[in-house]
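Shared between the two complexes below is chain A, which has chain B as its partner in the first and chain C in the second.
So, the complex of A and B:
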């Protein structure tokens, strides 16, 4: 029971981070980023591909990335077991690498949008993300490919259930921290500018704002946050294999969550993440029971895809505004205006 | 020679798939991300008939055509039509096709488990190459897929330019509002286009196992190449997408083959080539080859 609860908490944290990032890009800025999985993969690469190589260089290990990572893991784990400060430094350092790499690659990733209209952009981003996923999976030299690479475990002081507890505390606190930063940012003039761009980018352009620069900023911030989630996921499993970063789990499910929660509504995103994660973890925990209870002639994992796909269609059809509808940003002048004009105006706003 | 043969087969199948994508894009305005998964209707129809009734995959093409067509109509009627009616944005419709793709992945996965239980043979990974035979030194798959493309192009141009329904179809592709005013039943032409799209994809799917291994995820994997073919050809032109398919299909197969002769093991990068071609097409000529050709001709007219 505790195990299920902790798994829910960890996944809640991971999905909350990814969905916050997608909400900045699609919910606020209106960029149809069908390649969210790319940024999460970048986060994983930051740990498995970059951090491991840096450590290989420091320890003077000159094997390939797969054998090298195994040696790095044992050497690093030994050092971290002796000195917790190194573990904390390693954890924060790799998360920083992930965030920086995510921001840089995210900014490059969105560049096609300079020339493309909305739906061509969506196709291009999906294609870029799919192809980088395939290359990372089939080429073992980047981050282990289909063999995968192992990574040092900064939480090695905790065992079994305790490790899950420690990890869920870590993920939730990082998610909460990011939530604070993101909601502060989205309530600022920058957030309202993004919303304006979503509604009508020509007007924003006419007001003298560079739309392309805004898109690059939104995507850099979003990808950097999503990459943190990818890196955290790698620390959760302590190995990196590209196949975990597929389109269904890291692009489609985040879209499902933010649309279910209400586009542009940060609190809606959190509520929907929790709902989704509870449903998904329960589905995967009780898959054998479900299979025998319903006499399914197939694995329950396929049922998960069907259920969440159908859920997406139902939400789009019957509740396109989501569970918690987006509210106007209550800045001081708007609040005063609402107070002056009374209740009727509030309804309109 | 063997490589060219493979490239030609692949391009033929890509053309079947990208024509379907283009048709639904023209009539409904949705880039359909589930197009790759539509192909699996054909693959699994052929596999089921092969393992249960011992029918050769080539003989199951007509049934695959019908099954795929009905699936296309079902997807349109259940998932997209209500959204189009509510005037949802294109991105919303695209998200809906992503959802359809995931549902189809679930359905094919579940069905392959079911089929494995029924026949005791692998259905999660299968290939038909051992069932193929040769005529005049050519693989039959080459002849059949080329024949399918030629037949398709001939019947499409007959349909579009020789029948009243074809004229209505073209009218509703050019300008749906105006066609509606002129008494064309646009809803019916749209439904027909989804039937055609699903049927063509499913036919391609029936041939596909003769060239590559099929897994439930195949649909999601080939979607990049389909979009590349369609966009290189200019996503609003049917004949353009045929041309685009041969360009993308040949460069994917031949370029990767040539590069792999020089550098060894890089066959996995074939999709990178189609991605690069797609991005170049999008940036330099967003209307694709069809747009370039049209521009050239409009100077003279």
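So, the complex of A and C:
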């Protein structure tokens, strides 16, 4: 039971981060980023591809990335076991690399397609993500391809359930920190401008704002945050294989969560992330029991996909606004003005 | 203030603008009149960068702005309203106005995290927005989402957004459609008052209302500016009851 609870906490943290990022891009800025998995993959690449190579260079390991990563892992784990400061530095350093790489690649990949209208943009981003996924999966030189690579474990001080506990605390702490930053950013004139762009980019352009630049900024911030989640996931599993970053888990599910929570509603996204993760972990744990109890005519592994697919359709049909409705951007000066002038009660047109 | 020289716009070979040359004086309220389909809105869209001109030039205070991007033109001082209201539907009435604030420091990605760097500008903008909403009789609806407004109220919102900007030139495309005559006169009086620091170029069909306020009239027919001696021009002048 404790294991399930900790697994829920870890996945809640990971999905909360990814969904916060997607909420900035799709919920606020109206950019249908069907390539969310790409940014998460970039985070994984930051650890498995970039950090591993840097450490191989430092340790003078000249093998290929697959063999080299194993040597790096044992060398780094030995050092980190002696000196916790190195472990913390390694953890924070790789998270920073992931965030920077995510921002840069997110901005670069939106650039050629940022002028496209919504549907074409969605398809272009999906295509970019899928191509990147396949290149990473079939080319072992990037980050091990279908063999994958090992990564050092900065939480190796903790064993068994303790490691899970430590990792869940770490993930939730980072998720909460990002929640605070994202909330502050979105509850500002910048957040209001992103929402305006989502509603009508011609108006925003007519108001003197560069819509192209805004889209690039939104994607850079979103991808940067999503990449942190990818890097954390790698630390959770201590290895990287591209197939772990498929579109169902890292694009479809985040879309389901933000639609369920309510587009543009940061608190809704958190509530939906928790609901989704609880349901998913329980489904994944008890799928065989469910199959035999319900006499399902298909393999239990498909149950999760079917249930979440149907859930997405039901939400879109019957509650498209999601669990929590988006709230207006109430900056401090607006709240003060409302208080001063007594314009409190919401009136209908 | 605003000068166009032989401005031309083609749509699949059809000349929607056919060599339009006009001059709008600073601190004036200029009217563009003409029948439907005569090219008035195309002229606005081409001046504001929403359409690429196929020929000719546009100058603002001597600087060429032809075919610049809309946001670049806005930054140089031309604000506009749309003929068909373009509300930011899920944003509140107040938010719709605040988006129009030029160069808001809080809209910068890095500065938005430091509240102290933009709260003063935001407070000024909020104050101005509430004043405008009161003037446009929309203050009771400040926190209502724009999609809930009526057609006339949406027009007023368009006007409010234009007035929120500190533009040198405000171009309004049929701003009075659906607005009650009393409020329409109030808006025009406000424009006359603002003429001291802003220039207005408006397209409007409600001649009986605008007649008393405009300084100059251009008449468009078939993508061209009508000659002052032409029948079309005289007809508009007659309708405006000009002496």
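Observations, loosely collected:
Everything that follows uses one rule, which is that the second predicted complex is superposed on the first by the 327 of 349 C-alpha atoms of A that agree within 3 Å, B and C clash if a C-alpha of one lies under 4 Å from a C-alpha of the other, contacts with A are read in each partner's own complex, and residues count from 1 in each chain.
Definition applied: contacts are C-beta pairs under 8 Å (C-beta built on N, C-alpha and C of every residue); 3 or more make two chains touch, one makes a residue touch a chain.
Just so it is clear, the model here is predicted, and its values are computed rather than measured.
Using the contact criterion defined above for the overlaid structures, shared-chain residue A:47 touches neither chain B nor chain C, since it reaches no partner. After overlaying the two complexes on the shared chain, residue contacts for A:329 are found with chain C alone; chain B is out of touch. Of the two partner chains placed around the shared chain by superposition, chain C is the only one that A:341 touches, whereas chain B remains out of contact. In the superposition on chain A, no contact is made by A:14 with either chain B or chain C. In the overlay built on the shared chain, the residue A:231 is in contact with neither chain B nor chain C. With both structures placed on the common chain, the touch criterion links A:316 to chain B but leaves chain C unconnected.
When the two structures are aligned on the shared chain, A:210 is found in touch with chain C, with no touch to chain B. In the superposition on the C-alpha atoms of chain A, no part of chain A is touched by chain B in one complex and by chain C in the other. Within the complex formed with chain B, the residues of chain A that make contact are 32, 34, 112, 115-116, 118-120, 122-124, 126-128, 130-131, 134-135, 138-139, 247-248, 251-252, 255-256, 259, 296-299, 301-306, 308-310, 312-313, 316-317, 320. Against chain C, in their complex, chain A makes its touches with residues 181, 184-185, 188-193, 195-196, 199-200, 202-211, 217, 221, 264, 326, 328-329, 331-334, 336-337, 341, 343, 346-349. Interface residues of chain B facing chain A in the complex, by the touch rule stated above, are 31, 33, 78-79, 82-83, 86, 88, 90-92, 94-96, 98-103, 105-107, 109-114, 117, 220-221, 223-224, 227-228, 231, 268-269, 271-272, 275, 278-279, 282-283, 286. Of all residues in chain C, those touching chain A in their complex are 48, 50, 69-71, 74-75, 79-80, 82, 86-92, 94-95, 98-104, 106-109, 112-113, 115, 118-119, 122-123, 125-127, 130, 139-144, 148-150, 153, 161, 165.
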